[in-house]
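There's a structure below that I have some questions on.
First chain written, first letter: the chains are A, B, C and D, and each begins at residue 1.
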Amino acid sequence: MFPTTDTLVQPLRKVLDKFSLVRSATEAICKPLAIEDYIPQPIVDVSPPKWHLAHSTWFFEIFVLKTFYPGYKAFDPVYNELFNSYYNTIGNRTARNRRGFLSRPTVAEVYAYRAHVNEHVAKLESFITEKNEQEICTLIETGCQHEQQHQELLITDLKYILSCNIIRPTYHTVSIPDQTHTIKSAFLPVSEGMYQIGYAGDEFCFDNELGVHQVFLTEFRIQNRLVTNGEYMEFMADGGYKDFRLWLSEGWDLVNKEQWQHPLYWEQKDGEWYEFSLAGEHKVNKQAPVCHVSFFEAAAYAAWAGKRLLTEFEWEVAARLYNPELKVQNSQDHWIFQPVTTSENQPACQQLFGETWQWTNSAYLPYPGFAIAEGALGEYNGKFMMNQMILRGSSCATPYNHMRHTYRNFFPANAQWQFSGIRLAE
Amino acid sequence: MFPTTDTLVQPLRKVLDKFSLVRSATEAICKPLAIEDYIPQPIVDVSPPKWHLAHSTWFFEIFVLKTFYPGYKAFDPVYNELFNSYYNTIGNRTARNRRGFLSRPTVAEVYAYRAHVNEHVAKLESFITEKNEQEICTLIETGCQHEQQHQELLITDLKYILSCNIIRPTYHTVSIPDQTHTIKSAFLPVSEGMYQIGYAGDEFCFDNELGVHQVFLTEFRIQNRLVTNGEYMEFMADGGYKDFRLWLSEGWDLVNKEQWQHPLYWEQKDGEWYEFSLAGEHKVNKQAPVCHVSFFEAAAYAAWAGKRLLTEFEWEVAARLYNPELKVQNSQDHWIFQPVTTSENQPACQQLFGETWQWTNSAYLPYPGFAIAEGALGEYNGKFMMNQMILRGSSCATPYNHMRHTYRNFFPANAQWQFSGIRLAE
Amino acid sequence: MFPTTDTLVQPLRKVLDKFSLVRSATEAICKPLAIEDYIPQPIVDVSPPKWHLAHSTWFFEIFVLKTFYPGYKAFDPVYNELFNSYYNTIGNRTARNRRGFLSRPTVAEVYAYRAHVNEHVAKLESFITEKNEQEICTLIETGCQHEQQHQELLITDLKYILSCNIIRPTYHTVSIPDQTHTIKSAFLPVSEGMYQIGYAGDEFCFDNELGVHQVFLTEFRIQNRLVTNGEYMEFMADGGYKDFRLWLSEGWDLVNKEQWQHPLYWEQKDGEWYEFSLAGEHKVNKQAPVCHVSFFEAAAYAAWAGKRLLTEFEWEVAARLYNPELKVQNSQDHWIFQPVTTSENQPACQQLFGETWQWTNSAYLPYPGFAIAEGALGEYNGKFMMNQMILRGSSCATPYNHMRHTYRNFFPANAQWQFSGIRLAE
Amino acid sequence: MFPTTDTLVQPLRKVLDKFSLVRSATEAICKPLAIEDYIPQPIVDVSPPKWHLAHSTWFFEIFVLKTFYPGYKAFDPVYNELFNSYYNTIGNRTARNRRGFLSRPTVAEVYAYRAHVNEHVAKLESFITEKNEQEICTLIETGCQHEQQHQELLITDLKYILSCNIIRPTYHTVSIPDQTHTIKSAFLPVSEGMYQIGYAGDEFCFDNELGVHQVFLTEFRIQNRLVTNGEYMEFMADGGYKDFRLWLSEGWDLVNKEQWQHPLYWEQKDGEWYEFSLAGEHKVNKQAPVCHVSFFEAAAYAAWAGKRLLTEFEWEVAARLYNPELKVQNSQDHWIFQPVTTSENQPACQQLFGETWQWTNSAYLPYPGFAIAEGALGEYNGKFMMNQMILRGSSCATPYNHMRHTYRNFFPANAQWQFSGIRLAE
């Protein structure tokens, strides 16, 4: 069975409770939007908020209701083609770069679509049998996990959309907290040995976190916090973007072609660096972690610092060791969607979760024994295992109950628009 | 002075009346739209409706109010950059291909912008002097003409936007009239001689319609109506899109690259041709004029028919001769924005105005004595005189009081999304 | 009959003499080349010299020998596909942008191909009949004219190829003559009236020079010489490449995209302008005509100078008036392939022929009554009548007996690699 | 020290002998070429043979002679810029996609360049000191290894160049041997355990083969031979190129965009598959290994076969186990540059070396402890560790003494023009 471990068993009731919470959370994210904000797609990587709302709903309609709700009538049959993302198994779909061309259905219609699907999923209890309950639960659980991924994408995409506008619209007006200190950078040891990698718990995980397997690691040391904006400014001031020796060949080509000079969303005015955030434009805080850097920039920074990035295996092992309970320190500030500095009374190794994703020097490849599921869900992860780099941890835009030590996020090495940062190793 | 003939004198009152009518007409066109329809830009040629509404307003703010309204305060200074189209003189502007990325200002804000500008223009009477009245009148008149051009673009762009959606939203629900007959194609003579070309009246014209000059024409004959869908289907059925001998070299490359097989918006289902119109999808009417063809298709059709296209000079002379009063026959059907067939009791040469623009075999070049105006308005026409072909007449999307015998419309030879059709000569 | 006037009658003997001279002249141009120089195609506009040698030969094989030489056996049947330029009628061909990928046939084989075809054409006298002699003559004459066009292209393309190499190889070592004076710029009058345009003689002309027709011109004045390098430097120094008001919109986009700052082949070192010529690199001579400018640059220069370019009709009329005998002044220097300054004892209007082609402000369009020939030769000219501008006169790379008052050369407005310059009008 | 293990010590004499052999071998490869064959660059991946000859010489001039030959005078200083490949440290260079634009220096001049450098390298013995001998030896050894890499590229690039020509020139006329049998496919076991990876010998290796480290592998089984053309045809016949489920997402996009239907160089005529080889065109032999497939095709084939590709670690361990002596079976046929079938009296696991490179499912990433060398040679390998997949083994175009169990070849996943094939695992 695709996305869960074999031992996951849960009653439908509990899953439906989660479903209800997740669905509401998505809409809560969209509360501050004007209708107009739901439409644009400025780059192909970014999807319109309307599309996220509809596509995450489509997932439940296609994979759950169509199969398990007797006599289910699609809200609108054409939505199948409109809101399919990349599932070739399911049939035609809107080309990814054309999502921003769709003015209809209207936003109101999409919310009606959501309500229609929510209502029917809620009624599924009447139709379960002993035989299919577990399958239904798994599919709804998967749909919730999928929707949580889109919650994070909603934030990242919305930030990009608003940033394209010289008006600089704000999403929220909560002020970014003062951050005048950070802990001193240090490197914490992890000893040589055989380690187990992959998800071995009894709750949900994605197929790419399996199979569980052994990896031998030599001793290494992991940085106790993320690289800060202030440190990254030193790299910039030292000519980091001008020294080809620090860059991978493909990254150096990009630096020149795209004229990269700083992290995405930064701008210099009168000698001061400003960044665009969901609260509008403000000065870059030197204590906060650097964010919105590509893998190429992360790797160049590491080379400049005389360090390196972790492998995803090192990261997983160190995170289990130094933050076994998945503690997120800035929980009170989560809704500002902005990474913040370290705290004094925290674990030795901070910011593993909840601030920025951390680029690793591991390519996105299958684990030993990885098997692609039958049917459409088999297209979820496996087919993207090419020319992408692994990010580990989670970010300030990741839903709280969507974090695992074994979680494998992945993006192409040039991607900047995610909340992605840098942690070093030596 | 740029866009008017020297003799044009009019009181501000009359111009403000026109201003009021034109401004309302633009908003009337947008009545049926959902907010979402105002946003997308599926191809670079097409602008979002919101942009048309704002840009035509910007024109009055920048060229009229900023100069002539004492102490005028811009509605929002950033709109200058957001809604400048291509006037380098005026400063920065949103790149043309990024107009669809702007979710803000909201549509409501744009309507407020329109109201603000309308209100101030209406008050201009208090500030005119004998010295500046004529200049103000000319600029408002130009702004009205400019806005009427954008009214037509609103229609053409909206049609393209809605057509991108497999939902096939409709703009109106008026049914397309029955059209079971058309007049027989015939060729009407125009005799050899010296003719005057260009606008010599005493109302508004664009700078590209000047200077008035003499042209010597040999005898020719002009088709008495537009080429019909039925005739164009014969061209298609006869392999018109597969015979390189009919095509200009650049056109043939496009046929192959873009896989052109039929006019834009046509689709074949079960052996029948359908077209998308603002009333939705319906069968192609064989009596109606073919529309949404590029210059390349028009020229290939003419070659196939053993005829040729007119030059713009021939068209102007013949139109003056055969329709001196600019008569439009389908006036009652105008709001369906769909070209219709000929009528029995009409001039010998029909459909010169009000159905489709007519591609000529003339490149867009300056007339003898053409002079570019000083300042920003000098960028209106002259700088586009390269790699564009002239279209003459007007279309079912052209406002009624925006037609002249001398009007020079122009688009690149590959453009299909305008209401452009074919009239032959021999 | 395609490319000649109806009255052209000539005996085969005379045509074969010309054939022999033209064929030798082509090979004489290639004398200084290393085998390696025959191969590269650095941009799609430029063809490898080997290709020119073979394609001009292919023309005679396909259009003459295949039809009129009884039992003619192709030198190598595959050459038909390899060396067809753009004749769809003739079948497949090497894509234009792939001509530089052909290492074979070797250069020696191409010369053998030429010898083979020459030999067979020379023997055609044995096979002529009264009925076909005139057709054969016309086709050979056309092939000679075609080959002379390729002689000029050989020079222009070779210059481009050698210029790509930082070694800066030289084609010849003749030194460019000293040029310390030029005549003062003046504008010579041509009076208003009806003029005949097009070729009305009894020798060869291309189909695009027909039909002969009347054009009415208002009075104008033509510059008595070409614009000089020195004058063009003033335009550059005055910010000509930085002032958008001087440029057509499409030209301004190119200036920014391609970073145009000066004519092609110019380079600034230590404050001095140098140019690459077929004699290597040397200082730009301020008295010599500016060369290798695009139409956009010519038009921008004219706007800066407060003048305009001529139309092709004005040029033709003025050239007949001021240089009725097609006099070329720098004939002794012709083989340096470099335009030179004016002379004292020359016609009032100098440099009409033999220095640089002169961009006109006329688009390449058919003359009234222009008819495309049947068969493959019909593809010679007509299908290119789109998005190209007319150049008139001839250049220092044009063969002497390949000049006519009515000759219509044409290139896209962005082309710089031809020997193209500027003559103003007012 | 960059490219060798610490323990490598060798006298200069021995290295110079190798130098002499390697340099001659390169020129032997070029014997059959016409001068014209040295010039074209049909795609950016392919370099002109002339460039390979010159660049491999440049390497010795820059890294050896310039430093260690007292008073060395460059053969031609401009060659430094012309023939630098990608060493930013060394200064400007010819853009990679412009190598085919260089007609000069001539081929004869490049051979003279080679002779000049050979002569000076041979004289180095007079100048060595105890202190620098080892460094000189290492640099010459590296230059020889580098040149051997270019020997293989010469073959692959030449094959591509000749294939672009419909003439289908042949490089050699040795006939491809009959191949009527192959051994039955079987999977050979490798047991679970900790294995050492990386080069631990005392001869030359590249920096990317270091550091030596431990890897834990679970049990797996390796295919005893390469996948054959016949087997690959079954995949094709079964719709392998039409079933998206078999493909990585990026690969599926390529299949559609590039219209991939078969390995590079294959063509179907009258129902039979033919391939282009350096001996010309001939029927595809079903027993021979499939070659010129991309990683995407290899992965899709494996998915279709219900197997998978090896990781590079698995490959290295299995190759050491089953072919510890680097035996190449088709040595007598090596100069045909065409992979051939298995033999009866051979190791259990055949074709590990000498037929086709074998795509692994490992991305090109640094080994633990990998360190980039100081200076220009540091650009040799490390900066390409992004978006490339590892190939292991060697091919029929690889020089014999240029094979190691630990050799890491790498190309982008879409590359087809290398001699790359498929070996499965389970």
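As a convention for this text, a residue touches a chain if its C-beta (ideal position, glycine included) is under 8 Å from a C-beta of that chain, and two chains touch if they have at least 3 such contacts.
Owing to the predicted nature of the structure, the values given are computational and were not obtained by experimental measurement.
Among the remaining chains, none touches chain A as well as chain B. Distance from the centre of chain D peaks at B, each centre being the average of the chain's Cα atoms. We define each chain's centre as the mean of its Cα atoms; on that basis chain B and chain D are separated by 60 Å. Chain A and chain D have Cα centroids lying 38 Å from one another. Chain D makes touch with chain C in their complex at residues 34-40, 42, 50, 78, 81-82, 94, 98, 100-107, 161-162, 164-167, 169. Within the complex formed with chain A, the chain D residues making contact are 86, 88-89, 194, 213-216, 218, 244-245, 247-252, 296, 361-363, 365-366, 368-369, 378-379, 383-387, 413.
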